[in-house]
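The structures considered in this document are given below.
The two complexes that follow have subunit A in common; it is paired with subunit B in the first and with subunit C in the second.
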Partner chain A sequence: MKKGIIAFLLACVALLLGGCWDKLELEEQAFVVVLGLDKAPDGLVSVTFQVANPQVGSSDKGAAQNEPPSDIVTFAAPDILSAKEIANSVITRKISFAHLRTIVISQAFASSKLFNHVIGSSIRDPEMRRETNLIISRERASEFITRNKPRLETRPHKYYAFMQERWRDTGYVPFSTLNRYFQRLGRDTLFLSIYGTTKRVKTKYAREEDQYLAGEIPQQNGDPVQIMGSAVFKSGRMVGTITGEETRIALFLRRKSMAHSYISSYPDPLNPDYQVTARVIKDGNTRIKMDLSRERPDVQVTLPLRAQILSIPSFTDYAEDPRKQEKLRKSIEDSLKAKIDAFIAKIQQTYECEPFLWHLVARKHFWTLKAYQAYDWGAHFSKAKINVTIRMRIESFGKQIGPPLPLEIEEDQAG
Partner chain B sequence: MLSRSNGKSGTREYTALLLLTVGLKLSDTTPSILFKSGKIAAWVIPLLAFGVMVVPFLLLLAMLKSRPEKGLTDLLFLAAGRWGGMLIGLALCLVTLVSTAFGSRTYVDIINTMGYQRTPLFALYLMLMAAVFYVANRGFETIGRTAWIVVPYIEVFLALLVVFVWYDVEWQHLFPAAGPGLPILLREGANHGSIFGEMILFTAFIPLMRNLQEFKIASWIGFGACAVKIAGMTAVYIAVYDFPPAENMAYPFQQLTRAASIGQIISHLESVFFAFWLITTVVHFAVYVYLLAFLFARSLGLDTFEPLILPFTGLTMLIGMVPENSSRVNQVLDTTLHVSTYMFILLPFVLWSMIRLRRLVH
Partner chain C sequence: MSDKGNTPGGIPENMPHHLSERLDENLTLIKHLFAFPDNTALIIRNLRVPALDAEAAIVFLEGAAEPKLIESTILEPLLAKPSLPYQQPDKLEAVLREIVTSPSGKKLVELQVLPGELLKGNTIFLLEGEAGALTLETPGFQSRSVTEPQVEHVLKGPKEAFIESAAVNRSLIRKQLKERQLVSETISIGQRSAKDISLLYIKDLADPELVTEMKKRLKAINADTIANLSILEQYIEDRPYSLIPSALLTERPDRACSFLMEGHIVLIMDNSPTAMVVPVTFWALFHTPEDQYLRWAYGNFIRVVRILAVFVALLTPSIYISVSTFHEEMIPTDLLLAIGATRERVPFPALIEVLVMEIAFELVREAAVRIPSIIGPTIGIVGALILGQAAVEANLVSPILVIIVALTGISSFTIPEISFNFAVRILRFIMLFAASFMGFFGISLVMTCVITYMVSFKSFGVPFLSPLSPHYRSSKDLIVRPPVWKQWLRPFNIRSQDSQRKNKPEGGD
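Coming up: the complex of A and B.
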C-alpha cells in the first residue's frame, strides 16, 4: 500500500510537469486562417500566412481599436513547417495551424512538380488537417490573399467559411479538401479544386451565366475575389482548368453529389430570343453501369433530375399547357445532354482520365487490386463509349400561373 | 441489484472488460498493420482472425468443462507437469510482456504525436503507467466494474464518431473487394489470429469468474462484438480515406476523430474523443499488467500476485522505452503478432494431446 501511495504521489508530480511542456496560452497564439503557397527561386516555396487578430470583431474591440483584422506575412522556405518556424522571428505570438481552414495555391506552383512534395510532406504535422480546403489562384497566392479585402466580412476566417458554403450551394466550384486531394492522387482519376482569382482577365458576356472561369465574370464594384470553375489535377499536378458550367456537369455526373441543386438558364424552345431559368435538382443518385469486357468499354449513365421553373421571360404559358411543358422538358434535356456530351468528349481527349469518380464504379468490376491496376482505367476511359441518359421531370412552375400581362394584350393574342 | 461482492466477476463485468481491452485495438496501430498485409480488404482480416481463433478456443473450453474453477494455468500444470507447466507459463508471460510493453509504447507514441509533442516520451509513459498501476492494483473485480461503468460512454462515442464522419464515408472505396487476392487474405487472416490471442490468454481468468458458463457467454459476446467493431472501423477508415492514403496513415483512428464535425461550426471534436480514449487505454493496460502478474505468479506457484503488479508495470515501461521510434515498435509488434499467433493456436492442441498421452501412460 505504501508503494501505491508513493507511486500515486509521483504521478501527481509528473502531471504538474506535463502541463508545462506543452502548455499553450490562448493569448500567446497567432491563429493562421489562410495559408498561401507560391513558387520561390532555388526550389523553395514562398509561404504566406494570414494571421487573424481575434480582438477585432469581438466584444474586446475597444482594446485594439487601431489594429487591423489580420496580418499578412510571406517567407521563403524549403517547406511549410520551416516557414512556420521562421515566421516566428517576425510574429510575436506562436504560430498555430489549429484554425487553418483554407490553403491558397498559385496556379504556377500547383503546376510544378514540387507542389505534391510540399503538400504531401506537410500533412505529417499533426496541426495540419485533412479537412483544409484548397483554392487555386490564377495569380500568386500572396497577391490573392493581400487583395482579398471582403467588405462585408471583417474577419478573414468568416469570409472563407461563408463563401465555402455558398460555393457548395451553387456548384460552380467543387468541394476540394486535402483529404480528397490525397484520395485522388492516382493515375485513374482527376482531382478538381476550387479556382479563383482577384484579377480580371477579359470580361466576356456569355448568354448562359455559368460558362465562366474565375476572373471572366462581368462584375462591377464588390469584392475583388471571383471564385468560378475548377483547376484539374492529374497525379498531384495541375494540368488545366474547366469552367463553372463544366464543374457543375462534372459534379452532376458523380454518383453522389454534394451540391444538390443548380439554378441555370436554358434556351426557350418556343421563343428562341429568350432563356428559361430553372432550378435543376438531382433526384437520387446517378446510376452508372459499365461493360468493361470489350476493348472500348461501354458506360451507361442515367442522370435523374427534377426541375423547378423559376422564370419564363418570354411569357409563354408553359404552366397551363401540358404539351408545351413536354416541349420544354425535352428542350432542357436536350440542351443539357448536348453540353454533357461535349464536356465528356473534351475530358476524354484532353486528360485521358475522368473527374466523375467513375473509377470507383470500375473498381467494383475487379476482384483484386492487381487486376484493377493492370487494367488501367484511365487509358480505357479515354476510349470508352459513353451514353448519358437524362430523366427529367418538371416539378413546379413557381407561385405564378400565367404571365402578368394586362388584359388588352391578352385579348390581342386571343384575336 | 445491490449484492455483496464475493470478489468474483460476472458476465456483465467481463463482457465490458473485453469490449474495452480488445475493442481498443481498433484505435491503435492494429489497423495500420492490417492495411500493410490486407490492403483494401484489410477489414476482412479481423473477422478471419476471429474465425481462426474460435477452433483452439472451443477445444480449450471443452477441456475446462470437466474441471470447474480451473483456468489456463491449472491446465498447464495438469498437462505438462510441474516443470513443463512452469515453462509454458513463463513463455506465455514473455509473449504477453513483449506485446504489452510495445503495445503501451504505441499508445504513448500516439499521445505524443497527436497531443503533446514537446512533452518527453518518458514523462507521458510514466503518467500512463502510473494510472495503469493505480487501476490494476485494485484487482480484477474492480477493473471489471470500472469497465462496466465506462463501456456505455465509450460505445456511444464510437457510434457518434461514425455518425459525425458519415458525410465523408464512401463505401465504394472498399472495392476491389478481395484486395490483394483471396489466398493472401486467408493467409494473413490466419497469421493475425493473435489479434484475438486474448481468447486463449484470458482463460487464465476463469478462477476469478463466478462460473464457467458466465465466462463462456461473456467471451462469445465480447470477442464477437470486438471482431465486428475492429472490422467495421477498419472498413470506415478505408471508406473515408480511400486505399493508398489509408495505408500511409500512422494513427487512422485519431485522424478520424479530427475529421469528425457537427455541421460547419463545431469542428474540433478530437479532444472529447481523446479523453474517452485515454480512459479506455488505462483500463486496457491495467488488464494486461494484471494478467502478467497473475500468469507469472501462477506459473511459479506463488500464492499472492498483487505485489508483482508494480514491478511488472515498471518492467513494461522499461522494455517499452527501448525502441527508438514508432516504426521500430510496429515491426516488433507485427513479428510478435505472427509468432504468438502460432503459439496461441497450437497451445490448446498441445495441451490436449499431452493430457491424452498422460492418460494412456497411466
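Coming up: the complex of A and C.
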C-alpha cells in the first residue's frame, strides 16, 4: 500500500512537470477575427489586425459601455508571424489567430510575387487554419477593413460569417479558402477568390443583374462593402478578375459544384421587351468527356439543368401552353450557352488555363503524373475544341400558374 | 470477560460443554451467560407440566421472542394436555412431537449453541431430569412493513422493496421466483455476535465454483460482528481501494430475481433493506429494471440518455477547462467572446472557478443527504439559486460555470447505482486536474487509464466490462438492448450452467 501511495505521488509530480506551458486563460488573449495584407515599401508586408472586443455585443453581463466592438491596427513586417509579435507591443493581450476566419488581401499585393511567399510561409503556424476565407479587395486591405462598418452587425466576425453563407447560396463569388488556394497553386488550374470592395468605381446599369464586378453594383445606402465576382489566380498570383455572372458559369461547369442553384434573368422569347427570371438548378453532375489524343483536344461537356420559372413580367401564359414552354426552354438554353461559350473563349484566350477543375478529368487520361505534367494541360486547354451541351427541363412555374390578370381583359383594353 | 477466554459460540471456556440433567443447574448457567439479574431482558418462566408430571422452565429474551406466540404455541399446550401414554420414550421428543404446536423446533444438548438460539428470538424449553433442551421458534423482532423503494424508483413495474427482515426479504424473492432449485443456504459469520447470512442461488444455474468461492470468502471473514450487507460488501470485495465496486446492493426484489436467473448469487441478511448481488459488471451498475419494463424503443431511449449522462457528468467540467485554456479554437466565436467578456471581471483562473462551483455543489449534495428531512426543501433553494446566482453577481465565477455545474450535477443524478455514482463523481475531479494540466491530452490520458483499469478489473472472477470486452456470447443487453423475445441467451461471462433462457426464437440472432 505504501508503495502504491508513493507511486501515485510520483505520478502526480510527473503530471506537474508535463503540461501547463501553453495554458492561457481566455481573457488574456486577443482574438484576431480579420487579417488584412498589403504591400509595404522595402519588400515588407503591411499586416492589419482586426481584434474583436469581447465586451461589446457578446454578453450583457460583461458589457463595456465606451469601448468599440473591435480594434484595428496595422504593422509593417517581413511576414505575418513577425507582425503578430510586433503587435503585442501595442495590444496588451496575447494575439491569437485561433478564431481568424477571414483574410483580406489587396489586389496590388495579390498581384505581386511576394504574396505567395508570405501566405505560404504563414501556414506553418498551427493557429493559421486552412479553412480561413480569402477576400481580394480592390483597394488597400487596411482601408477595406477600416471602412467595413456593417449596420446590422456589431461584431465584425458575425458579418463575415453571415456573408459567407449568403455568398455560397448566390454563387456570385466562389468558395475560396486558404486550403483551396494551396490546392490550386499548380500551373494546370486557376484559383478563384472572392472579390470585394468598399469603394464605388463606376456604376453601370446592366440589364442582367449579375454582370457586375464588386464596386459596380448600383446601390444606395446600406453597408459599404460590395462582394461580387472573383479574382483569378494563376500559379499563386492574381492575374485578373471575372464578373459575378462569369463566376457562376465557372462554378456550374465544374463536375460537382458547391453552389448548385442560382436565380438569374433571361430574355423573354415571345416578348423581347421583358426578361424572365428563373432559378436554374444543377440536375446532377456535369459530364465531361475528353479526347486528348489529338493536338487540339476535344472536350465534350454536358450540363444537366432544371429550371424553376419564378416570374414572367410579360404575363405570357407559358405554363398553359407546351409549345410556348418549349420555346422558352430553348431560349434560356441558347442564352445560357451563348454566355458559356463566350466565357470559355475569353478564358482560353486570356489565361491559357481553366478554373473549371477539368484538369482533374484530363489527369485521369495519363498513367503517370510525369506523363500528365509533360503534357501541359494548360497549354492544350487554350487551344481545345470545347463543345458545351445544355440539357435543361423546366420544372415548375411557381405557385401561381397563370398571369395575375385574365388575358381577355388585357386584350380588351388593347382593342 | 476477555475475548481470549471465549470459544466461537461466545461461551467462557471454563463452563461445561453440555447441559446438565438438573433444571436449576441449567438455569444458573443460562443466568450467568446472560448476566442475570442485571439483565432484566432474560425471562424465565417456571412451570409444572402435568402431562409429564415434571418441573420445567421456558426461557426467552424480551424483545427477541414474541410472548403471545409463546403463550399460544407452547404454554397452552403444555399446561392443557392431559397425562397420556406418549409414544416417544424420550420426554423432550415427546414434548416436541406431541405437545407443543410451534411450526419448528429442535432438540439440543450442547450449551454453546443455546445463547445463539435465545438471541435469534427462539424460546428454550428445559425439563427437569433431561440433559438437553428444546429450542422452539417464536421470533418477535419488530420490523416495518414492505414499502415502495426509496432509491430505485420505477414508473412501470413492481413497487415492492426489501425491508430489514431477512425472512420477509427471502419471502419477497420466493414470491417472484417460483423456482424449485432456488437454494437458500445459511452461513453464520462473526465471532462474538454471529449473524446469519442467506446465500440465495439457483442450484442448476449458478456456477458451482462461484458458490464455493463465495462461501470461502464469507468464512474467511475475521470480524467481531457484521452489522449488515453494506459492511459485508467491504469485507468480501475484490479490491478495497478501488473506485469501482465489486458488488451491487439493490432494494428491489425483481432486480435480485433477474440476477438470480442469470446465475448470479444474492446475499440477504437481517437489518439490511437490500440484497447484495455478486458478481457485477459495468452493465449491472448502468442498467435499471425500467429499461426492460418499458417497451423496446422507450427502454433504449432512456439507456441512451443515461450513457450520455455518464459522459456529461464525467467530462463536462474538464472539457470546459481544456477548451477554454488550451483549445480556444474549438469554441464558436460568439460563445468564446461571451465567455471572454464575463471572464474579464473574474479574478480567478478557470480551474479555480470550476473547483469553487463543483465543491459548492458537492456541499449542497452532502448537506441535502444529512439535513433533517423537515428542513430539507430549503437546501434546494439556497443551494441552486442563491449560490449560483450570487456567485455570478459577485464576479466570483462566470455565468457559463453555473450551466456547466448544473448540467454536471443533473447528469450525475441519473446514474442509478450509488457506488457507481460516487465513482463518477470522484473521477470527475481527477479528470478536471488532468485537463487543467494538459487539456484534451490529459483527458484522454486519464480516460485511457480508466478504461484500461475497467477492462482488467474483475468482480468475483468476472471481468468488469464483459461480455463486451473481453467478448463473451450474450443477449447483447449492453448499452442498448434487443427486444425481450430476442434475449434468449444468458450472458456467458457469468458461466451459468445453462446458457439458454429458452430456445432460439424465429428471426432472433
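Keep this in mind: the second predicted complex is superposed on the first by the 387 of 415 C-alpha atoms of A that agree within 3 Å, B and C clash if a C-alpha of one lies under 4 Å from a C-alpha of the other, contacts with A are read in each partner's own complex, and residues count from 1 in each chain.
Keep in mind that, in the parts below, a contact is a pair of C-beta atoms (placed from the backbone, for glycine too) under 8 Å apart; a residue touches a chain by one contact, two chains touch by 3 or more.
Fair warning: this is a prediction, and the values are worked out from it, not measured in the lab.
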{"item": "Which superposed partner A:157 touches (first subunit B, second subunit C, both, neither)", "value": "second"}
{"item": "Touched partner set for A:33, first subunit B, second subunit C, both or neither", "value": "second"}
{"item": "Contacts of A:404 with subunit B and subunit C, given as first, second, both or neither", "value": "neither"}
{"item": "Contacts of A:7 with subunit B and subunit C, given as first, second, both or neither", "value": "first"}
{"item": "Which of subunit B and subunit C A:182 touches, first, second, both or neither", "value": "first"}
{"item": "Subunit B versus subunit C as contact partner of A:22, first or second or both or neither", "value": "both"}
{"item": "Touching partner for A:369 - first (subunit B), second (subunit C), both, neither", "value": "first"}
{"item": "Touched partner set for A:98, first subunit B, second subunit C, both or neither", "value": "both"}
{"item": "Partner chain in contact with A:272 - subunit B first, subunit C second, else both or neither", "value": "neither"}
{"item": "Doubly contacted subunit A residues - partners subunit C and subunit B", "value": "4, 15, 18, 22, 98, 129, 161"}
{"item": "Subunit B partner contacts - residues on subunit A that touch it in the complex", "value": "3-4, 7-8, 10-11, 14-15, 17-18, 21-22, 98, 126, 129-131, 161, 164-165, 179, 182-183, 185-186, 255-256, 360-361, 363-364, 366-372"}
{"item": "Footprint of subunit A on subunit B - complex, ascending", "value": "39-40, 113-120, 123-124, 126-127, 130-131, 133-134, 137, 168, 170, 172-173, 175-182, 240-245, 255, 258-259, 261, 264, 267-268, 310"}
{"item": "Touch list for subunit A against partner subunit C, complex", "value": "1, 4, 15-16, 18-20, 22-27, 29, 31, 33, 52, 54-55, 58-59, 61-63, 96, 98-99, 101, 127, 129, 155, 157-158, 161"}
{"item": "Contact footprint of subunit A on subunit C as seen in their complex", "value": "241, 324-326, 328-329, 333-334, 336-345, 349-350, 392, 399, 433-434, 436-439, 441-442"}
